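Letters are used for the chains, namely A, B, C and D, taken in the order the chains are written, and counting of residues starts over at 1 for each.
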Amino acid sequence: MVESLKVGIVGLGRLGQRHAENLAQRVPRAQLVAACSPLEPELDWARDTLGVAHCYAQYTALLAHPGLDAVFLVTPTALHAEQIILALQAGKHVFCEKPLSLDLQDCLRVEAEAARHPELKVMIGFVRRFDASYRDAARKIGEGLIGQPYLIRSQTLDQNDPGGFFVRFAASSGGIFLDCSVHDIDLARWLLGSPAPRRVYAIGTNVIHQGLREFDDVDNGMATLEFGDGSMASFMASRTMAHGHETLTEVFGSHGRLTIGAGARLHRVEIADQHGLRHECTPDFYSRFSDAFLLEAREFVDAALGRGTLSLSLADATEATRIGLAMTQAMREHRPVDFG
Amino acid sequence: MVESLKVGIVGLGRLGQRHAENLAQRVPRAQLVAACSPLEPELDWARDTLGVAHCYAQYTALLAHPGLDAVFLVTPTALHAEQIILALQAGKHVFCEKPLSLDLQDCLRVEAEAARHPELKVMIGFVRRFDASYRDAARKIGEGLIGQPYLIRSQTLDQNDPGGFFVRFAASSGGIFLDCSVHDIDLARWLLGSPAPRRVYAIGTNVIHQGLREFDDVDNGMATLEFGDGSMASFMASRTMAHGHETLTEVFGSHGRLTIGAGARLHRVEIADQHGLRHECTPDFYSRFSDAFLLEAREFVDAALGRGTLSLSLADATEATRIGLAMTQAMREHRPVDFG
Amino acid sequence: MVESLKVGIVGLGRLGQRHAENLAQRVPRAQLVAACSPLEPELDWARDTLGVAHCYAQYTALLAHPGLDAVFLVTPTALHAEQIILALQAGKHVFCEKPLSLDLQDCLRVEAEAARHPELKVMIGFVRRFDASYRDAARKIGEGLIGQPYLIRSQTLDQNDPGGFFVRFAASSGGIFLDCSVHDIDLARWLLGSPAPRRVYAIGTNVIHQGLREFDDVDNGMATLEFGDGSMASFMASRTMAHGHETLTEVFGSHGRLTIGAGARLHRVEIADQHGLRHECTPDFYSRFSDAFLLEAREFVDAALGRGTLSLSLADATEATRIGLAMTQAMREHRPVDFG
Amino acid sequence: MVESLKVGIVGLGRLGQRHAENLAQRVPRAQLVAACSPLEPELDWARDTLGVAHCYAQYTALLAHPGLDAVFLVTPTALHAEQIILALQAGKHVFCEKPLSLDLQDCLRVEAEAARHPELKVMIGFVRRFDASYRDAARKIGEGLIGQPYLIRSQTLDQNDPGGFFVRFAASSGGIFLDCSVHDIDLARWLLGSPAPRRVYAIGTNVIHQGLREFDDVDNGMATLEFGDGSMASFMASRTMAHGHETLTEVFGSHGRLTIGAGARLHRVEIADQHGLRHECTPDFYSRFSDAFLLEAREFVDAALGRGTLSLSLADATEATRIGLAMTQAMREHRPVDFG
């Protein structure tokens, strides 16, 4: 009687495993029936830990799995557009990790293909929209608590990884603004009511990871964005924090301000000792947003089953890419970039 | 291949429904196969919302459900001892909401029955032991971060309920210390390493709910507890908070202090407006401990399946009742009560 | 044209020097004209640093200084009563550090002498009443912000002094409740509207400074106090904190709660580093209450010049001693102590 | 024996009165001997409240006061340069409120005149450098606590003034960046070690005070600043806050971050009521920096008496104006402005 959605997960890296666990154990009406990865040990993990019966090395083989309703793409960004399009053509609902693509034309191709399949749901994982605190803020703004919002300040600060994973990843990450700030861009658009962007400017510097220079990338960047309606946003992204992962967003309105995420608290524990009074911070984005990843999956599954609608669109994802690309250009060319 | 535990839920009031949802949707390896309630609408809810196939008005009928492995008792405290004993005699694992009983002899009878069924798991739901923050504090104490813990200050403050539910409930609640402080007593014992209690003293007052006087109960109480090893604890319980439900515990050690729960934050949202800088607070215990209720159920299910052990014992539950009873006596008689 | 008060300081220990500096440099209309100490280096300091012209080794000599209007007594508690009485008999206004005395009869003798000199002002230095935060709390209570206050929780936590000054000082300190909690007792009475005490109970333990046992004193103590009007107070005092000096008071009212001093912040600086997110704490009472010591001196000087009235009375000081003595007795005898 | 500095105050508006009170009552070795204002009531206030004996309507008359050692200029910015030069030519030490001037040539003329009088001290009142928290941060940076500082984020948020004083003041204020951000610019230079500026960009909007458009000014502005050594700064200034005056500065270093001023706490009082858990905020800059105004005056007086040196120079003030002017230009021309 309770209908369920048969899902296949594609990509079983660190984040992919988290999505898989959620789909297998915590998302009502989802059935994780298949997994796809080029790496055999990842498939073994899915089989042994989650009891996933059908494992595939090839994406096309997974798409051909009998009765499959939807795919969860947790794959390299460069593959997103093509994989989404193939899934749509195979009649599957699609969840795909952010960003949609680093290429604006690819974003538009995906939008076009999706338009041909209005019965299929496509969600790009802007996970922060599903966080209880961001949702609470959005609701308060909607209720008028802070009057007219006019300025967003949003920052994504990552704990320094001495191993420098993102340096090796730099060739394909799209740069700090597309990799990190794309979340903040999406938040700013969402919380300001999706005004049209007018002009962007950005600067950056390398503090620790000089290897990024080779890719014209930075480990700390800042950007300002003007919207057509007079509202503004300011962004900061960093790879070099000592204290943890901190996602902080301030929404300034004509009658008040909301701050989401100050302090980056890991738990509700405070320590008073020779270091003063302190608390530990979330070490990474997953410890900060683990509940949101779950709510995101639930919304997708329910929408695919016709029990609800998606709260964000492909056009939102395209717009985040468009603005992130302009930021990158502004930083590299030391000049503001205008939107048409 | 993945073994599962067939569970029946008994009692579908507000908290019972939360347990039922967890068992049905979020606890790996649990199967919610049956429900029991004297109220037909509650059974309808279980059937319609969670798809529970088998519903019973009588507890004995539920116990006779074929293949049932375990029961979850979310019933009035006065029924706990008898229901646990019946379940054990029927060969079922038992989870039961706290407190075990308001009667010390009943606690001991349950312990004796459980001793006859060493293969069955019995857990009393001292949910705070499963909260991520309390667990983190316990781990830090174990690692020696604050040296030797010697004093616990713990308070359970409930948001005022103008409807005064607990006034009507007073006849059977056992009083504020057994209803509220029993959690704090258990925490103090746990975090101090379960020392033997030596002496307790308590006072109280009625600020808003004068109807409690008739039951020799109060809406605000405080107690101090000395242990045999020289450590101490101080408790406060209140029914009359304006800002929400606040559970706060301080652990003082020879080299530092841990505070768990300060601020009672609902979300990670701060509001700056004409009221100053503020955040909203958790309105009730469930909004504070919802994750802990889930982890508690998982531990129980895993232990019943032989995949782990329980982290607290029936004796812990008996001891919490013993101390809570002594507090109540101390307050009523205006004198310290010594333990044997 | 601007009248001034000629003041002599008595006692130039650490706190005496702070009072002397305030009187010499920061209290309008005060003139620090004389100083008294049995220690020559202290008098040298007063002469060289503050330009105090007249220095005396004997208290009676200071009292005889021509034109002296007032004395500031920052001397051992055992001397307070006698010194106050001598000053009053010599026609001087008197400021005296807390506590008034450890002996209730001495308190009453001082009150009696003061009653014979209604033109002279006598102030016992319950400095916290002059702290901007405590004043703000008192004002808010007066305005009804939290409804009817019914419970005070107040704690004085001192940073551990490995040197153990207070162990050597234990013979004359009167014990932890009279030395530390006397401030909290005074605050509780003040913020609750000075209700009559009814019954007190106290417990304590020695965590680090075992040398206190010889004096029947403890390094950590807790007490509860019931008032005749049904309101209550809970106190904690400690000598063993790792993080600094923390004075925290909570006032619970029927419609809200005020907390004064949470976090014991030293500055407005927060540090995010490998220890998490933290701030440093006030190391001692003077760093916490330095502004209050100044405001206290200003009120005293203005009152002595007839430009204002004192906000606390000798009877307040006597009552704090009475309650502190009862706490000490309760702890030593393991029983509640009733007030007449 | 204790030498003193004879000071004349010029300008007795709100801030001038605060300076006058400090000089008269709280700055050791300062003597407030004269005052100058074109407004008779202001001079009456100085005479009656502070006992200032000599009052002048004309600045030149004050400069001619016999024995005058120094002037405190709390006058309109447009007068600063000329008044400083006249004072130096008259042989007086000069304290002058910020900013030095809105005209870069005037700044340089003042520097040149000061160079001709090396025996005279000139201080521009960048008061935040004297705040205990900012000083603590600077000390920690100097000690290497956060490694190499590379990014400053600093914001000055003013509580909305429905009366719109600054709209009427807009013609002469120099715009939001020179009026407000000039402090943040100075802080950024100070805390980063005074690197040379390379490029600035700025944007702004009008949220409430549309009357500012006529002056090409905004009520909310943001700017980014790149320095020649690769370090960066981001600034925000606002006139439209609901909660109070908030000055917040973050210093990001290679090993940690310092935040100064988060929360803008007025007192140490927290309120828990139907609005949640909250504290009140500093309503204006004076309630935030009153202690710093005092310490600033003390440093100036001591330096003028040869008892210490000034911690900031005229060149610092010139640089702050230079950068503030470039921000204003960048915002008006929608393009980055490079420094030569």
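Assume a contact is a pair of C-beta atoms (placed from the backbone, for glycine too) under 8 Å apart; a residue touches a chain by one contact, two chains touch by 3 or more.
Here the structure is a predicted model, which means the values were calculated and not measured.
S.K.: Give me the superposition rotation angle from subunit B to subunit C, based on Cα atoms, as a multiple of 5 degrees.
M.R.: Roughly 180 degrees of rotation.
S.K.: Farthest from subunit A by Cα centre, which chain is it? Let me know.
M.R.: Most distant chain from subunit A: C.
S.K.: Taking each chain's centre as its mean C-alpha position, how far apart are subunit B and subunit C in Å?
M.R.: The mean C-alpha positions of subunit B and subunit C differ by 42 Å.
S.K.: How big is the gap, in whole Å, between where the Cα atoms of subunit A centre and where those of subunit B centre?
M.R.: Here subunit A and subunit B have centroids separated by 38 Å.
S.K.: Just give me the whole-number Å value for how far the CA centre of subunit A lies from that of subunit C.
M.R.: Here subunit A and subunit C have centroids separated by 56 Å.
S.K.: Which subunit C residues sit where two or more other chains touch them?
M.R.: Within subunit C, the residues that touch at least two other chains are 146, 241-243, 255-257, 262-263, 265, 271-274.
S.K.: Touching residues of subunit A toward subunit D in the complex: what are they?
M.R.: Interface residues on the subunit A side: 146, 148, 150-151, 153, 199, 201, 203-208, 220, 222, 224, 226, 230-232, 234, 236, 238, 240-243, 252, 254-257, 262, 334-336.
S.K.: What residues of subunit D sit close enough to touch subunit C in their complex?
M.R.: Contacts found on subunit D: 1-2, 25-26, 28, 51, 132-133, 136-137, 140, 145-146, 255-263, 265-274.
S.K.: Residue numbers of subunit B touching subunit D in their complex, please.
M.R.: 241-244, 246, 263-265, 271-281
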